[in-house]
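In this document, chain identifiers A, B and C correspond to the written order of the chains, with residue numbering beginning at 1 in each.
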């Protein structure tokens, strides 16, 4: 079997497994693990937004939690304060995060390298502290809770995320759609242009690429991914909280993306999965699971700087050649 | 008025301590090209060492020796084990130091518990100053920080290894070509950076809480000082630290502490965007 | 007389106290191969850097076919049709050779489709294939550019300049570091190219310069020292001095 066929087979098997989760997992492990998998899916989008910027454009953002938070609060404020129904709230979350990414990006993508990492984290901190102070609106660290409006309404029957199977599929659908979009972008002329900028920005501008504009486009796209992630997380947890906008959340997403493997479509999903599973498995017995997270991060960075997907590719190269 | 003066004084003292820590961050950044996310935790280690010293010996003064020494040793080990292998990948270094930060915090929590602790200052008297009663220990802490800052600059300019450090920062390739052992300079830099932060932690321990998350709040402040002062501009960094803490202290007298924090963050973004070389370019080199 | 393809007016660039380009007035007539020579540090690369927009000039103007391009950004200048190669080879190291050319060919388009697969742009692919054949890189088309030999990388740079249909090509020491065989191949290529596009070439190799160029400009210490045909330049006493220094006995 060729390598490409093998990888395709794995992908199909993975897709089937993801669809089968609501039936398989409760029987094998317990229904608690369905929500763990849903959470992995949601967070993997945040890691994917880091990956889009770092893996494909070469910009390390340490502030993606800001757009996650805007997605989260768009939904939370939309439902709790503005009385919006499901889809408008979802839309508000995404629009808010994309708009924020556009405004922040206009300034941030002027800078590169360390300076970019620092300005992104600074922007996220500004809004973190701001959201802490406007407690009546945001609920500060405690956040705001809300009751979910139904997703669909057919006459008398309502379908909503209260149904856990529906919730799982709703999340799976949104996440899969985002990964599919990202796949399309990577394969497109835009994707190639972004990778060219990542590889050599001076050369990229000399061949006629407007690197400022393209970086901004990528930044807004990454804001979109983070925003969807945050909006889904708000639906999933039925609440929004400023504590998710702190730089630790951004930092964890960076770790997940790099440990999984940047510059690959599914690396962030792998990284997120590993870390959240470690957390869920270990934290029931031992509250210091972050110790393990830290050790894994360091070991991967030293011994497999291309992450788990990079390890896998190296292995495949050795097997197939 | 009194409260304003008190907060301004506190800001000044705190700023001097921050200057120490930020200096460590700045030399690590300047020489090793690393954004050290764990730097706040180096400070936290210092506060923990101070607490442990008092627990074990009952003598606070020993902490001023123990903290920088432990910082030097830990810094050297960490540089060799974690930083050296990824010297050429700056992005990876952020992940590595983030991992380091988690390890340090969790180890501290594991060893000393999660409950924040208070440490009594070794000098408990107050002194009448400009019409307010001010803690003598804070003045002493400021003096210690100034002494350490001065000591560090003397070291940098008047010792062989200090000169090496400046040479490697200025131009690593030429420095290596001239026979300066860059590898050793990197170890030394990281160790000194850790030691400065840990010393700052020991000095600050009695005026803040001893908490395994104590470094989380310190880190952004140190970064602000490094950026606003200008990357690689060490005197500028020290000046910015004092200025920032002083400014935050004054803003706190009429507004929420988070408002003060937002103000400095906005100032920092403006500096990054408009004058990435820092506010004090040409101030001193 | 026709409009010069490229003209500079009192172009000046300082680095601190050093005047790297010092009030340079130059006009390059179309239809001829122009060479710029000069000792190390003469300001040749800096001159190219200003024209291509990588460095802002301190003063002076640059005109391309009569149009003032002084204040334009690098990508805007590139879209005018000025393409360049770098003295220190500069490609996209993690992309394949074919992708290097693909994105270069596509970059001039204002719009980069975000969702249509790149593989479905047939004309671009055809152009890439033709250029690979023409330059002789077809054998390494799928190789990652960062792993190419130095000579192949230099050829890739020329191919990249070419695939984007330039009007003016600025080549900065294109054969520096090549093996004799590669040099010969590249020089032949450049000569062939000269029939289709305007070329200004910076070169140290005198054989190449005197064999291929129609006009030679000599720069020294940021200024133009002499201009003329290879024959005139070869006979110029000041040029020889700039290259060889003053005669030994004067130094003592």
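The criterion applied here is as follows: contacts are C-beta pairs under 8 Å (C-beta built on N, C-alpha and C of every residue); 3 or more make two chains touch, one makes a residue touch a chain.
Predicted model only: the values in this text are computed from it and were never measured.
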Work out per-chain C-alpha centres and flag the one nearest the whole-protein C-alpha centre. A
Among all chains, whose Cα centre is located farthest from the one for chain A? C
Measure off the straight-line distance from the CA centroid of chain A to the CA centroid of chain C, and report it in whole Å. 43
Averaged over CA atoms, how far is the centre of chain B from the centre of chain C? Could you give it in whole Å? 49
At what distance in angstrom does the C-alpha mean of chain B lie from that of chain A? 33
In chain B, residues with contacts to at least two other chains: none
Quick check: in the complex, which residue numbers of chain A touch chain B? 54, 60, 62, 107, 110-111, 113-115, 117-119, 121-123, 125-126, 129-130, 132-133, 247-248, 251, 254-255, 258-259, 288, 290-291, 293-298, 301-302, 305
Partner chain A, residues of chain C touching it in the complex: 52-54, 73-75, 78-79, 83-84, 86, 90-95, 99-100, 102-104, 106-109, 112-119, 121, 160, 164
Of all residues in chain A, which touch chain C in the complex? 181, 184-185, 187-193, 195-196, 198-200, 202-211, 214, 217
With touch defined as at the start, can you tell me which chain B residues reach chain A in the complex? 29, 33, 35, 37, 82, 85-86, 89-92, 94-96, 98-103, 105-107, 109-110, 216, 220, 223, 227, 256, 258-259, 261-262, 265-266, 268-269, 272-273, 276
